[in-house]
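Two complexes, one shared chain (chain A), two partners (chain B, chain C).
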Partner chain A sequence: MGVLLAFLAGGVAMGIGALYSTGSADLPVQDQQPLSFSHRLHAGTLNINCQFCHRYATQSLVAGVPSMALCQTCHQSIKNTTPDLQKFQTFWNQNRPIRWVRLQRLPDHVYFTHEMHLLAGLSCTSCHGKVSRMSHTPRAPSYEMGWCLTCHQQRGASQDCWTCHK
Partner chain B sequence: MDLYRRTLFKLLGLTAAGTALPGCEREVHNLVPYLLPDEDIVPGVANWYASTCQECEAGCGIIVRVMEGRAKKIEGNPQHPLNEGKLCARGHAALQGLYNPDRIQGPLKREGRRGEGRFRPISWEEGLSEWVEQLHSHARTSAMITRPVTGTLASLFTTVINSISGRLIFYESTGERTVKKANYLSFNRRELPYYDLAHSDYLLSFGTPFLEHWLSPVSFGVAYGKFRQGRPMARGRFIQVEPRLSLTAANADRWIPIRPGTEGLLVMGIGQILMREGLTRLASSQQASLQRTFTSFSLDDISAATEVSPDVITKLAHELSSANAPLIMGGGPAAAHTNGTETLMLINALNMLIGAIGRRGGLQWAEPPDSPVETVQPELSSEQMLTALVQEFEEGSRSLLHLYLADPLFTLPPSLKFERVLKQAGFIVSFSPFFDDSTSMADLILPDHHPLESWKDHFQADTIAVPSWNLSQPVVRPLYDTRAIGDVWVEAAHRLGGSLGEQVPWNTFQDMMKTRWEAVLPNHHPPLSFETRWRNALQQGGWWPVDVPRQQISPDMPSITYELPEFLGNISDFPFYCYPYPSLGLSDGRGANRPWLQELPDPLTTGMWGTWIELNPTTAKALGINPGDQVRVTSEYGSIEASALLFPGLHPDMIAIPLGQGHRAYGRYARGRGVNPMMLLGPKFDRQSGSLATGGTRVRVERLKGGSKLVMLDQSKQHPVLQRMQEMGGVS
Partner chain C sequence: MSQDNQEAHEPSKQPTWSYKWEMVVDLDRCSGCEACVVACHAENNIRISGEEEAAQGRAINWIRIERYWEGEYPNVKVKFLPVMCQHCDEAPCEPVCPVYASYHTPEGLNAQVYNRCVGVRYCGNNCPYVARQFNWFDPHWEEPLAEQLNPDVSVRSGGVMEKCTFCVQRIRRGKETAAKEGRRVRDGDITPACVQSCPTSALIFGDRNDPDSRVSHLKKSERGFHLLESLGTHPSVTYLRRLSE
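Take a look at the complex of A and B:
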């Protein structure tokens, strides 16, 4: 009886453990975008300025994800030769937005604005790395507080708690 | 041994499950782009739109923070002359009206019996055709009960209802009709004066809950701040006279408890002393006509009836005469009796005696604006007039009922028999956006947009220094398949055709508004196009002149026949006065479906999410009632049961109960919560204005078995005010 119970408890724990690891870890499956978008192609090969697509970065908290119409301004004159391009066209034709998986996200208790950082003279790559060399954008390594503070220290920016934790 | 092992396994299993469960949540955040970008929207950057708060009739200017097309926060409009950038809790909670999960999301038609609550969704076309058909078949027998609206919507309602020989009733239970009636009888003015509290140095208030819900609490709050702290050398002194210590009384320098309904006598006593000692600021010839009014009772009789000692009365008179700019206000519980209007007229006369009329720091009336657009606010109907409507529906001379943001089934006492109207009516159409108690009885519901989704305008002339025309504009796209009531009525006018179609030639309500605003907005030099002036007005939240001249008020006052208040119920069976007072957050009940307002603790008792019955601790002791006991309050007309709350700031012969709860419908947050003290009240009206005398029904109280749960912020079983008074040695 006791052995049976031990197996049962062990089984439950293993099952739950499996679920746990699926939920918390950044599995490649989880970061799978609805269609494969390459920053290397757009920002690298084609040399499109970051702010052409992320056009709110200098005036808002968020950099902004480009509207479907903005993508379409170029893509209307590009042949749908790959499956991903065809997928994009299907989204557009059906009036459906692409639900991108969000890879960079700060916790709610952090107040961060793109606008202030760009105005201070930082470039996009200072924080986001050289995305122009990445065909698949990975999840951000870790925007931890120590990392922010190091830069704030080096550049003489405010280190007051209230600056980022309003 | 087995037992131990089992326990261990169970614990292991539970621990593993408990640790792992939070991890099961798969948190994937998405970024969803716009299909087509909106030029005016920058994600992450707020747009602020000016509009007008419609949570009560005061008409404060608001600015609404909108991000990505969603209204996120409401603040006061700093430019608006009424509220000067401030806003009350109810104004803030307007967002919970917009996003309320119990909003009616499209037109509905009744299925099953009336009041059963079964409706089926219909199209707008079907709804409009049905309504217009009913208007044709019930020609000349229509009635419309609406909340008091002003401006273009009032004009549209009037035009349409007149053309079908209907009856238009502007009704609001907290409309302070006695104040308006007394103002008209005393000064011959329809609009209420601007109470220049900010420049006064002595305020004697008879019951006015001006810091809670009276007329325009936000503008009074702003003025009160200036009255107390706005001047470096002067701090206004403030005396509040009323039988129950309200939040306003708790702010006063002195609270004078008085026997309910005798406030007028105290006014007389003060007037007598001022006249006798020659302390008035009125020419003796003008004073003569007031002599009789103020001397019809002797000071000793007054003192005995009011329970205010002659010394206190004399002191009040002397303080009034020695102040530079004294001001007297009256309303709330002082006007809740059969002699309400007379009490307020006496207060008006006393204001005349102390020279407060037309003076800085007193009562002022702005000159009516010289405008081609009507500037008279619609007159409110009294409860007595609504009882006449009951008769009309019973006789059959009225049969089609329209309801708009009015819930008479809830706000009127059942003794007025309004339920009969809802039973007798041939057809009931409601335009309300919520299933309030009355709308649940409707046959057809054509739900209005939320104020943040629609166009409206309002003319504001009461209690404001300069009359203002306020604008409401849609700040978000409509969330549901609702339609602005203005557009629905314009459409109905077209379908009814005939001369009405010619009187309402506009395609939309917005067009109608703009036509009227061409006349409202002044054209300065250099002249600007109407579109520019309109845009400027929208940006500002409306239009108001910088300053206007003040009206001259004749010092001749009508004579006042004061009578003592009458009560329903004899004193031996029903020994207590009863005062149901509008709640700070829920008002007369319209705030009950906003959780923010439900969880807003009453500032004095800390009660929330329910109804309680306030008793003086001495009274409670005599009746053997402890805090939290379930008690029953009974009048000749009904009874209610709720939890007892001992409140020392209450006349020992009085029971006070907050209004706002006890809805039969009105959504998940309001339905079935607490009780409605209106159940107790009988058909007793103020003699002059016909308003319901809410303090005019006597009650008895008895303890029931068991206690009941009342949610209170203060968990210390004892009332904070009581505790404080005990610490000071005031209450045993």
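Take a look at the complex of A and C:
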């Protein structure tokens, strides 16, 4: 009986471990956005520059999520034909912010700045993939140190620990 | 055209400037007010220990003011000595770390990588300046003090060694600003929190590779000396003797 229990516990632990290592431990339910925003439509079909909405990327650590006022720049002249557009209008009318689910988060001990990476000549797609083809933005596979270092090595960027660790 | 000018025209290239960060402490100017200690705590998210932990020798201060009394009452004199990590070129704390959490940066800083540290405390025991301190507990801030934490500095958890960084977050920012403008960091661009808060300008920080920086000039002073010089640690902090000794 004891052996059986030990095997069972081990199996569960291994299962969770395998899920965690592939990144699937973050359930897709968690990534459900309050509105079905499509990067494929905005960045792809409409060909809007990334930095029109994520406007702090060239001048700050964070790229920034656009304010609703910025969305309204275009959306005030767009008819609310779909349920999601009507939902957006409701948020705007009720003066409520959209609580977007944050998908990418670096640990506290990492220092990362969008500004310096863009200054070094990287494009958004180098790290974020071709979002212009994604109708639903997934959680990035992993922003791990080895992945960062590969690029730093190739481009001759600093590999000193304190460049990125704080 | 010199090499420097060519680099200045290509801001997209990684900057190749080399720096050597050093500090000078003018003991003749230090009044022992401890403004540097307070500023350091605020800037670097240093945990608040309290009386009990301090009595057990577990309080954390990246910079401290040592106090020396001289003479007998009423002819008594007090002398102050600010001590922080000396960022030694031959640092005794570095070779003893089993996981390379303590290492030397190319810019002459003695660094501690917190997420790599496993807390064996060998580095702290090997430091002749007692500049390294160990987190025996997880840090805790009463509300609303937690709201004032500096986002540029990690909050160190229990089991991790920590020490003065010469405010590396400010160095990083200063270098980025300079890189954007395609130039070298100018003298005075970067001021660690202790240097910024010193009312008598007893602390001076700068780049030793810049021959015109204030630090480079002051280091040549005949008043200059290093703490525990005989140990051969080659500290990056130079002290200037008091004038009235």
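Keep this in mind: the second predicted complex is superposed on the first by the 142 of 166 C-alpha atoms of A that agree within 3 Å, B and C clash if a C-alpha of one lies under 4 Å from a C-alpha of the other, contacts with A are read in each partner's own complex, and residues count from 1 in each chain.
Please note the rule applied: a residue touches a chain if its C-beta (ideal position, glycine included) is under 8 Å from a C-beta of that chain, and two chains touch if they have at least 3 such contacts.
All figures in this text were calculated on a predicted structure; none of them were measured in a lab.
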{"item": "Partner chain in contact with A:Pro107 - chain B first, chain C second, else both or neither", "value": "second"}
{"item": "Chain touching more of chain A, residue-wise (chain B, chain C)", "value": "B"}
{"item": "Partner chain in contact with A:Cys161 - chain B first, chain C second, else both or neither", "value": "second"}
{"item": "Contacts of A:Trp147 with chain B and chain C, given as first, second, both or neither", "value": "neither"}
{"item": "Touched partner set for A:Met68, first chain B, second chain C, both or neither", "value": "first"}
{"item": "Partner chain in contact with A:Phe52 - chain B first, chain C second, else both or neither", "value": "neither"}
{"item": "Partner chain(s) touched by A:Ala120 [first = chain B, second = chain C, both, neither]", "value": "second"}
{"item": "Chain B/chain C common contact set on chain A", "value": "none"}
{"item": "Residue numbers on chain A that touch chain B, as the complex places them", "value": "1-2, 5-6, 8-9, 12-13, 16-17, 19-24, 30, 56, 59-62, 64-70, 95-102, 105"}
{"item": "Residues of chain A touching chain C in the complex", "value": "107-109, 111, 113, 115-116, 119-121, 155-158, 160-163, 165-166"}
{"item": "Chain A contact footprint on chain B (complex, rising order)", "value": "2, 5-6, 9, 12-13, 16-17, 20-21, 23-37, 42-45"}
{"item": "Contact footprint of chain A on chain C as seen in their complex", "value": "11-12, 14, 103, 105-107, 109, 111, 113-116, 152-155, 165, 168-169, 172, 176, 179-180"}
